[in-house]
Amino acid sequence: MILFDQVSKRYPGGNEALSNVNFHLRQGEMAFLTGHSGAGKSTLLKLIALIERTTTGNVIIGGKNLHKVSRHTLPYLRRNMGIIFQDYQLLYDRTVFDNVALPLIISGFSSREVKKRVHAALDKVGLLRYEKKYPVTLSGGEQQRVSIARAVVNKPALLLADEPTGNLDPDLSLEIMNLFMAFNQVGVTVLIATHDIPLIKQLDKRIVHLEHGQLLTVEEN
Amino acid sequence: MAGQSSGTESQVQLRQLRPSFSSRFKEFFIRHLQVFFYSLGLLSRTPFSTLLTAASLGIALALPAGLYVILDHAKQLSGDFDSINQISLFMKQDVSTQAIERLQKKLNAWPEIAQVKHIDRAAALKEFQENSGFGDALKALKANPLPHLLIVYPSLTHNEPEQINRLLADLKKLPEVDLVQLDIQWLQRLYAIIHIAQRGIFIIGALLALAVLLIIGNTIRLAIENRRSEIVVMKLIGATDSFIRRPFLYTGFWYGLFGSLIAILLVNLSLLMISNPLTHLSSLYNNSKLFSLGLMGVNTSLTLLVSGCVLGWLGARMAVGRHLKEIEPK
Amino acid sequence: MAGQSSGTESQVQLRQLRPSFSSRFKEFFIRHLQVFFYSLGLLSRTPFSTLLTAASLGIALALPAGLYVILDHAKQLSGDFDSINQISLFMKQDVSTQAIERLQKKLNAWPEIAQVKHIDRAAALKEFQENSGFGDALKALKANPLPHLLIVYPSLTHNEPEQINRLLADLKKLPEVDLVQLDIQWLQRLYAIIHIAQRGIFIIGALLALAVLLIIGNTIRLAIENRRSEIVVMKLIGATDSFIRRPFLYTGFWYGLFGSLIAILLVNLSLLMISNPLTHLSSLYNNSKLFSLGLMGVNTSLTLLVSGCVLGWLGARMAVGRHLKEIEPK
Amino acid sequence: MILFDQVSKRYPGGNEALSNVNFHLRQGEMAFLTGHSGAGKSTLLKLIALIERTTTGNVIIGGKNLHKVSRHTLPYLRRNMGIIFQDYQLLYDRTVFDNVALPLIISGFSSREVKKRVHAALDKVGLLRYEKKYPVTLSGGEQQRVSIARAVVNKPALLLADEPTGNLDPDLSLEIMNLFMAFNQVGVTVLIATHDIPLIKQLDKRIVHLEHGQLLTVEEN
């Protein structure tokens, strides 16, 4: 599903954020991405979501070389991905419901379908009672869960998460991880960047470790 | 449709989430209607700033519209003004009254001439005595020294300076005519003034049209800048450019609409404010309707409304087009 | 100063971090200078949008400035125009040439009168014969039926309609005078037109002054909206309102400055564009300088620059004042 | 230093985020604030920083009742506090150096002094080499550390931190906590909201636990 072939990424500033990364995540697989602050985890995820482009090497998603994706088809590709960002990326002038509904509205779902799915997604992250509130009136962890709900509402084929439990307490973190595992159970490919080593040690999944932009260990379970 | 497949299948494939044509068509109008009212709702959430923007647009639109109203009226008016042009034909002393009446008929048939008036020698002396200011002095005259007089009014379609000059030449060739006179200077001055006014109005109009585009474009640009993070988020979750663009275009439309409504209000208020002195001026020309402008006509108002909306939409289109590509998630 | 205490003391107390007066004074100019150039730097980072905003301001400023230039010139011009007002005094037939010359001297001393011209009976007949259009007809006259004529030019300080009317009454009382004549209608028409023009210019000027304030206020408002998060952060780390306000005020100032520079450019370009037809018009009045406007004077330009900057600063002040209180960290 | 006297906070939405909280943090003390997502940790910190006002009850900071602080004196009070926000609150159009320098510039320090102090603060969080970069070009954890540097650059009497290690790896988290402890050593009062229970268990400091807006346990060490 995700194939990194000798990928390097150098930012205009001069940093080599990723150097010669080779890595394959099969369809339906789930993996954790770890590494120190600034190791290149977010950069790796951004390459998959086409927020950044590689400097050298190829990224191939579902058989599609991302070099060949044009500006015009990019939106349709992104609709296949549920992305949870390190900084949430919510719209602060829309309600929680509207935020979560956005990916469905963009894809042209009917209002009835939108309502049903948004409620289901909010229920999964435990925020159904907040659907009419605005993001600013939520706590940090609650906002993080809204962004999780938005990422999964569309039932994407690929789920990318950058530090999805950074602002959650240990109990809730486990709950959210279980949610991701449940998605993985029904065939969704999942890749999660995280610092929460104790938590993922329990979960018996593959761990990809980055250090200064280089893929050091690929622990297979 | 794609995306509605149930979550129970064991393998989820990458899908081309481009909706089918029929569903797109079905949802098309609903979506547009939603955005139409959504963008109105956004504006109404900040009524003060919406009003500010619409007011600046209104002023910018009001000025060319007001100029147009006045110019339009001036065109009709020029007909009345041109009747000031009159050519006096002084007959030779020995031409008989019958010959003059024949000449009057003949001239009346010329296409260049709207009307010919005959002023009898005796009547002319009387008028001259009354109006020249030499009244008493001329009463001393024994014989009438005045010739017969024909006053020629050129037709409205022939009152350009060169046409008048040609007419004058033709009239001079008539055997019965002793002298042809026209206050050509007055005409030249009038045309020079009109020329300046036209150029001035052209300059002001061009500047103001530019101002409208600038103001709308600028407003939309700042609105986009303001919603930069929203655009980024939209792009991140897979919105197409046209989807992102739509609310901005409707916002431009609404600004244009409100702006032109304010412009109509301003123009009519201004027209009311100058109607009093205009009536006074008209009465000095013994024609109370001469300069009266009235209010803006329905057609002009509609034109203004439509062009306001179109300008708003266009300004938004330009601003969005320029900026949408620049704003990319990082 | 406070805040510079070393970190080695074992107890850190809450401090009133209000800097001392002397250090504030010392830093005051440096800070202002920094913000002055910092705000310029911010604008120069987005040259296109800065230009757009400055251009809308420039247009809005150019129109009242241009009107002012024309109005100012028209005021000087009205002197020339008023010389069109001339009063003809027809003397009684039996008044001697000496008596008329005495009268001429007497009238010349009146403050209401700028100049008195004597037209001799014989010269008057000749002029009449040449200009009246009745030339040949009048050659038949045996005796000169015309009286002596004095032409009175009212002084520029006495050419209001009521003053002219008073002068006419006085002139009629003179024993030597047979008849007094003035084209009072022309005067009335002129004043009616001037009245309308004044009202029109007042309306346009008021609208445009409003537009300048609206555009600047609006631009600054959107700039503030755009930098909402910056303001929040500033407040969070303890910046005072005046500290936060300063860069916005300087931004307003810069917009005003650039706007008025553009306005000066536009006005001068427009003046150049209408200078040709104006010269043509002037030549029709046998006075090539009569209507020539030239370029904007140094004083007017400076006034425009200063008022642009002040308006920019004011618009920013209003917008910031309104919005700074609303934006609070959450 | 910080005294909560029967403090309740109800947001306009209707939520009682804090109910009847009594709590005293002495000058020079250091404490951790824990609790589930939405427990009211951020709310408590916001009351201290006067970002929100209490609904009932009094908050007294350094002997000053916050009810009596006017709009005009508020900035001067805030200059005594170093605050680290859950969402960093950096200025994205200024360099790292300028961001960290901001509190000093506001207080009117001389350029030489500003430079010295900013470099010292950046050095402490290990970001000296990034001083000329813009925040968007930094990783999540790096941005978080910039906000930490900004909070301590002014040597405030009181340090408030909301989830300061949410985006940091375990090693770096410990390092940052040690930095806070070093500040505490020289007399700075420190209050930190965090989810990282394993980390703070090691640190032998007072732990304040919130549950649904109520102060449940105050563990004293």
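Per-chain residue numbering starts at 1, and chain names A, B, C and D are given in the order in which the chains are listed.
Throughout what follows, contacts are C-beta pairs under 8 Å (C-beta built on N, C-alpha and C of every residue); 3 or more make two chains touch, one makes a residue touch a chain.
Owing to the predicted nature of the structure, the values given are computational and were not obtained by experimental measurement.
Inter-chain spacing, taken between the CA centroids of chain C and chain D, is 58 Å.
Chain B and chain D have CA centres that are 64 Å apart. Centre-to-centre spacing of chain A and chain D amounts to 29 Å, using the average Cα coordinate of each chain.
Looking at chain C, one finds that residues 330 touch two or more other chains.
Annotation for chain D: no residues touch two or more other chains. Taken as a graph of touching chains, this assembly is arranged as a ring, one closed cycle with exactly two partners per chain.
Working note: touching chain pairs come out as A-B, A-D, B-C, C-D. Of all residues in chain C, only 49, 52-53, 55-56, 59-60, 62-63, 88, 90, 93, 133-138, 140-141, 143, 145-147, 178-179, 181, 185, 188-189, 192-193, 195-196, 199-200, 203-204, 207-208, 210-211, 214-215, 217-219, 221-223, 225-226, 266, 270, 273-274, 277-278, 280-281, 284-285 touch chain B in the complex they form. If you check the complex, the residues on chain A that touch chain B are 27-28, 49, 51-52, 61-64, 75-81, 83, 85, 89-91, 93, 102-103, 106-110, 113, 150, 154-158, 186-189. Against chain A, the residues of chain D that register as touching in their complex are 11, 13, 34-38, 41-42, 86-87, 133, 137-142, 145, 162-163, 166-173, 195, 197-198. Of all residues in chain C, only 1, 3-5, 7-19, 23-24, 27, 31, 229-230, 232-241, 243, 328-330 touch chain D in the complex they form.
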